[in-house]
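In what follows, chain A forms one complex with chain B and a second complex with chain C.
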Partner chain A sequence: MILNLLVGLGVALFGFVLQTGLAGFNRKIIGRLQKRHGPKWYQEYLDIFKLLSKKSISHGWIFDFGVIMALGGIIGTAMFMPLTSTFLAFENYDNFFIFVYLLAVGMLGMAMSASGSGNPWASIGVMRALTTMLAYEVPFMIVVLTIIKISGTSSVAGIQLFQQAAGNNWFIIALPLGGIVAVLALMGMLGKKPFETYIAPAEIASGPMVEYGGKQLGMLFILHEISVFIEVSLFVHLFLGGATNIFIFIVKYAAVYTFVNLISNVNGRFKIDQVVKFFYKWPLLMAVTQAVVAIYFGWVI
Partner chain B sequence: MASIEYLILFLVGAALLAYLLSKFNKTAASIFTIFATMFVFASLAGYGFGMNLVETVNVLPGFTFAQTYLGFYFVIIIVFVYLMVSFFHPYYIDTYKYKDSYNFLFLLSLAGIIGAFYTNNFLQLFFFFELIIWTTMFLIPLGKSREAAVTYFGFSVAGSMSMLLGIFMIFQQSGTFDISAGLAGISGTNAIFVFALFLIASFSKLGAFPLHIWLPIAHGNAPHPFSPVLSGALVKLGAFIGVLALVRIAPATGLFTTINLPIGQYIVAVLGAMSIVFGTLMAIKEDDAKKLLAYSSMSHGGYILVAFSLLDSIALAGGFYHILAHALASAGAFMAIAAVARATGTTKMKELGGMIHKMPITYLAYLVAIISMAGIPPMGGFISKWLIFQAVIDKGLIFIAVAVFFGSIGSFLYVFRPLAALFLGQELTEYKKVKEAPILMLIPTFIIMGLNVYTGVFPAGILKFINNIISELGFVPITITTFEITGYNGILNPAVISLVFGVGILVAFIIFILLKKSKKVTLMDTYTAANFVHDEHLLHYTTDFYAPLERLYEKQSNWMTKFYKALAQKVKDIGKLGKYLFMSRSIGTTVLWIIGIIILLLWGEVL
Partner chain C sequence: MKSTKFTPVTKLSKEEVDRKWWEIGDFFRRNSLWMLMYCTGCCAIELPPAMTSAYDMERLGMGPMATPRQADILLVSGYLSLKTLRRLIYTYEQMSEPRFVVALGSCPINGGIYHDSHAVINQLDQYIPVDVYVAGCMPNTESVMNGFVDLMIKIKNKTAVGWKNYHKNFEWYKENQLNSLGEVVVHDEFHQ
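Up next is the complex of A and B:
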């Protein structure tokens, strides 16, 4: 069990390093897209370590406790994540629902800490973040329900193996409507435009993070990178056939993240009620249609 | 050895004694209530698990008792909630209008509970049900709202009357009032009628859609320590009747072949799903913390109904586990709110703020309770929701799944609201002198906190007991080992999840502690765009927390209330008509009626 825990921590660390580096590259790509040079590719690491070494303020014990609970929850979630279809820390326990709900512990911790700062902007940011979550999560989970029903397992590694087996397509091809929904939901999860209402730079004074600085902000940056790692990896594993080795995983991962980032940068931003309306209109309809077609009629490509 | 009959008699006696004691010293009576409840709980816990209670009846005429795993599971949870709540009594007894009767009614309703779950006779079941309804009906207005009591009573009586009708129909066909024989002895159209009638009783007790209106009114206005009993314990009576109808009667209606579920059960699952969605939406909108939790009970009642209507071992296990998890979570949350209400005198979220700085333990109790309520590991709610999801996915119930997932994510939203508005945020000036709850109130708080975690980390022991119930109901027990639960599409190991979560927290804590210490600043020292804000209230974001979301369904949100208001008006109108016709003060009308009736009677004689 000790070994498993160490492997798990290794996965979380790997995810952090991978995602932070990739985020730096993406800043460069976006820079080029906007005819700028963009920062150095390791700028994100510099930002985080700079923040961790700086002086900071605290608004009381819940402010700190929430940050610890948030980062702890996210690290815990990342420890369950399989990197390839065979490499994972806790075999058989990589249940899809663990990712959804353990991720929520992290979110709850962060929300608690932000509300505990006593700043109304932070509370508004939390409100928007939770509302966005209510919007994207339901269509996404319906698509995943379809996947679990078809593949007969809710283990993320098991779903990868199912797609890799001969005669089965990747689920993004097998369930095209569901695939579209998943891409949209992924953008919501990552807080990419048009669903970035809860951060909303220059609108609500940077949302839940308004009161943070120094080590707390640094830890929340780490949290952000790891949670992006979890969400994008889930998409790769569930919809893009997972990976048979680590290089394929990195390639697929980088492709998905960059793709989502590119879409994000040519979009405007929804208002928060528009986000909810949007997700409960087309994506939910598509997800349910896909589920009915795939489960009741058995039409899977 | 403990005898069921003597336990009931003991409670009735204790109730009378508590009443007399109250006349002299109210605190003494309340403490006596704690010990009486504790005695009953200890006897049940000591002998009940092995079905070792004495069933013979010596004193009560005509009563018969029998032990079932199903009944015991309910009884032990409910008595536990009663016991936990009784610790609160000494601190609240002075706030009631009729102080003497509180402990009396409390113990008497507990006697009703034990009778209702241990009886093997339908008429006794009805009798004990009525005992519970009548005693609790008088407990609710002690919180100073008559309307709440009337609403509660109206819905409960509608439920128990429909149950009585069902019982008579069973008697008509099977010729017995015995529960097992009666349930086995009905078939055909009769079974469908009884199924529907029992479900009305179940829905009205559980507060499921469309019979949910009483729930927020009663929960919101009941005395503070009684709300946890209502939500954590009494609504579970509805779940019990629901099991009788959905699993044991289970009439042969047509079968949906694609999802392998009888139509009757599917309809109930759809109504359960609607309860989940309505409860969630209304809870998000609610401003009163207790009413918010009441709507959340409605939504969780929906989960229980969905689980029981799937006719499947895993779903049944999930449903039963959910009953326990929700009882613990909602008792914990309601008790935390009760402690805050005692300190501040209000449960309105927009009037409260920053209680965490004065009541940190109460805050932790609430936090643990809502983590369980939202179904997040490592608490009990996660296990039950996981089991229910397994069954819903395995059956391929897409439309039910939409509601189930919606309720599950929506619960993050509504449980967070009291957390943010009531405990977190700015520390309001008017509550600067508030103190943490006294030690006697913290004891149950800690116990419930511990159990919420225990049910989420080591569910195997409880699930093994639930397996007994599942076999008793004629289903195949689910597969569990010491640490693992096997579902349809995966294995869950709650202990590993908790361990990994703990390791994560540890790592985060080490990172935190190694870095430079932060400077403490006050809550008012926040970013305000360089404006000088001098008043805490201005920096406290609580009113209409989810305003943008609420706006989307604002117009649709009160049509059920309107419908019941209109219905109540119609009933009143009919009553008025009756009064006008029969209870007139004018002698002429009365004479007219007398003559009319005499003629009618004579006419009958002639015929």
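Up next is the complex of A and C:
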């Protein structure tokens, strides 16, 4: 049990290190895209440790406690994440719905803490984040439920093994419409443009993060990196056939994150009603079509 | 040969340990400076080339931030009228420490071309501590970038201590601020 816990913490730490380094690399790639040099590749680490080294103020008990609760919830979620189809900290506890439920702890902690700051921008940001969540969750869940129906298991490692057993028949290829929906939903989850509505630095002054400075903001940055790790890993495992060893996982992970970032940086930002309308229009239609085609007609490529 | 077995362990005093940690923190702080831009005057036009592909501020780890809580540098570019000065002081006091102030152009130094205006303060240094001045009306982008590099060197040499001086001479700064801003007669969001 102790060993499992240590392995789980190791997975969370691995996710943090991997995602933070990759985010720095991506800032460099974006810099090159805009004909700039871009920052150092370890700039994200510098930012996080700088924030942790600053003095910070408090807006009360809820404000401080919410940040810690959110960080704990996200680390707890990352502990259950399988890195490859066989390597996971807690055997048989890698059900997809565990991630859905535990991710909510982090999100609610952050919402609670941001509301505790008493700043109206923070409340608007939280409201927008939850609205965006409602928008992308519906099409994404339809696609994931289709996958669970086809593969007959809701275990993330089990879904990876199902794809690998069929000769690397990835679900992004087997369910092409569902794959497109999943990419769009992933962009919504990661808060990439055009679905960046709840951060919107120029519009609502970075939304939920508006009152954070110093150590609390540093913790929120760590939280953000680990939650990106969870979301991108889920995409890799569910749609890209998972990974048989850790190197394949890192390659697939880096490819997905960079791809999403490249799309993000040539887009503008939607308004919040446009986000909801968009997700309830084409992605939802494609997801339902995909589910009907795959489950009732059995047409899976 | 002297035995190393019984060499007494040199114990660092608490000040030494604190100093070492502070130096490590300084390394991170000078390589990741986030700015809050308080753009009141024409010098703000020099910032877009500094941030985009011409001079690329991000390679020094700098970038704009949305709110005072998140920022390390308060960048004052241009003249300050008495109304904006009040907001500037609020903003400065909201920033989390260590915080630095960079003043751009000649207006915060001696009033610049607005030196004889009744509504404009002449020396920013009287109201909040300024760490780096970039002189010129307006300074070109190279000197703006040079000012930021100067600030990094000052942080490395531990001479960027404006925020400490603000605590030390708080009475003096408050007195100056109150003398210039005067008493608040109407209490609403536009007057105080």
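Following the convention adopted for this analysis, the second predicted complex is superposed on the first by the 298 of 301 C-alpha atoms of A that agree within 3 Å, B and C clash if a C-alpha of one lies under 4 Å from a C-alpha of the other, contacts with A are read in each partner's own complex, and residues count from 1 in each chain.
In the analysis below, a contact is a pair of C-beta atoms (placed from the backbone, for glycine too) under 8 Å apart; a residue touches a chain by one contact, two chains touch by 3 or more.
Note that this is a predicted model, so its numbers are computed, not measured.
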First (chain B), second (chain C), both or neither touched by A:Arg36: second
Touched partner set for A:Tyr296, first chain B, second chain C, both or neither: first
First (chain B), second (chain C), both or neither touched by A:Met112: first
Partner chain in contact with A:Lys55 - chain B first, chain C second, else both or neither: both
Touched partner set for A:Leu217, first chain B, second chain C, both or neither: second
Contacts of A:Leu22 with chain B and chain C, given as first, second, both or neither: neither
Which of chain B and chain C A:Lys149 touches, first, second, both or neither: first
Which of chain B and chain C A:Leu46 touches, first, second, both or neither: second
Common ground on chain A, meaning residues reached by chain C in one complex and by chain B in the other: 53-57, 205, 210-211, 214
Interface residues, chain B side, partner chain A - complex: 258, 354, 356-357, 360, 367, 371, 374-377, 382, 386, 389-390, 392-394, 396, 398-399, 401-402, 405-406, 409-410, 412-413, 416, 419-420, 424-427, 487, 489-493, 496-497, 499-509, 511-512, 515-516, 518-527, 529, 539-541, 545-546, 548-549, 551-552
Interfacial residue positions of chain A with respect to chain B in the complex: 1, 5, 8-9, 12, 52-62, 64, 67-77, 79-80, 90, 92-93, 95-98, 101-102, 104-105, 107-108, 111-112, 115-121, 123-124, 126-128, 130-131, 133-134, 137-138, 141-142, 145, 148-149, 152-155, 158, 205, 210-211, 214-216, 218-219, 222, 271-273, 276-277, 284, 288, 291-292, 295-296
Partner chain A, residues of chain C touching it in the complex: 24-25, 28-29, 31-32, 52-53, 56, 58-61, 65-72, 95-98
Partner chain C, residues of chain A touching it in the complex: 27, 31, 34-40, 43, 46-47, 49-50, 53-57, 201-202, 205-206, 209-214, 217
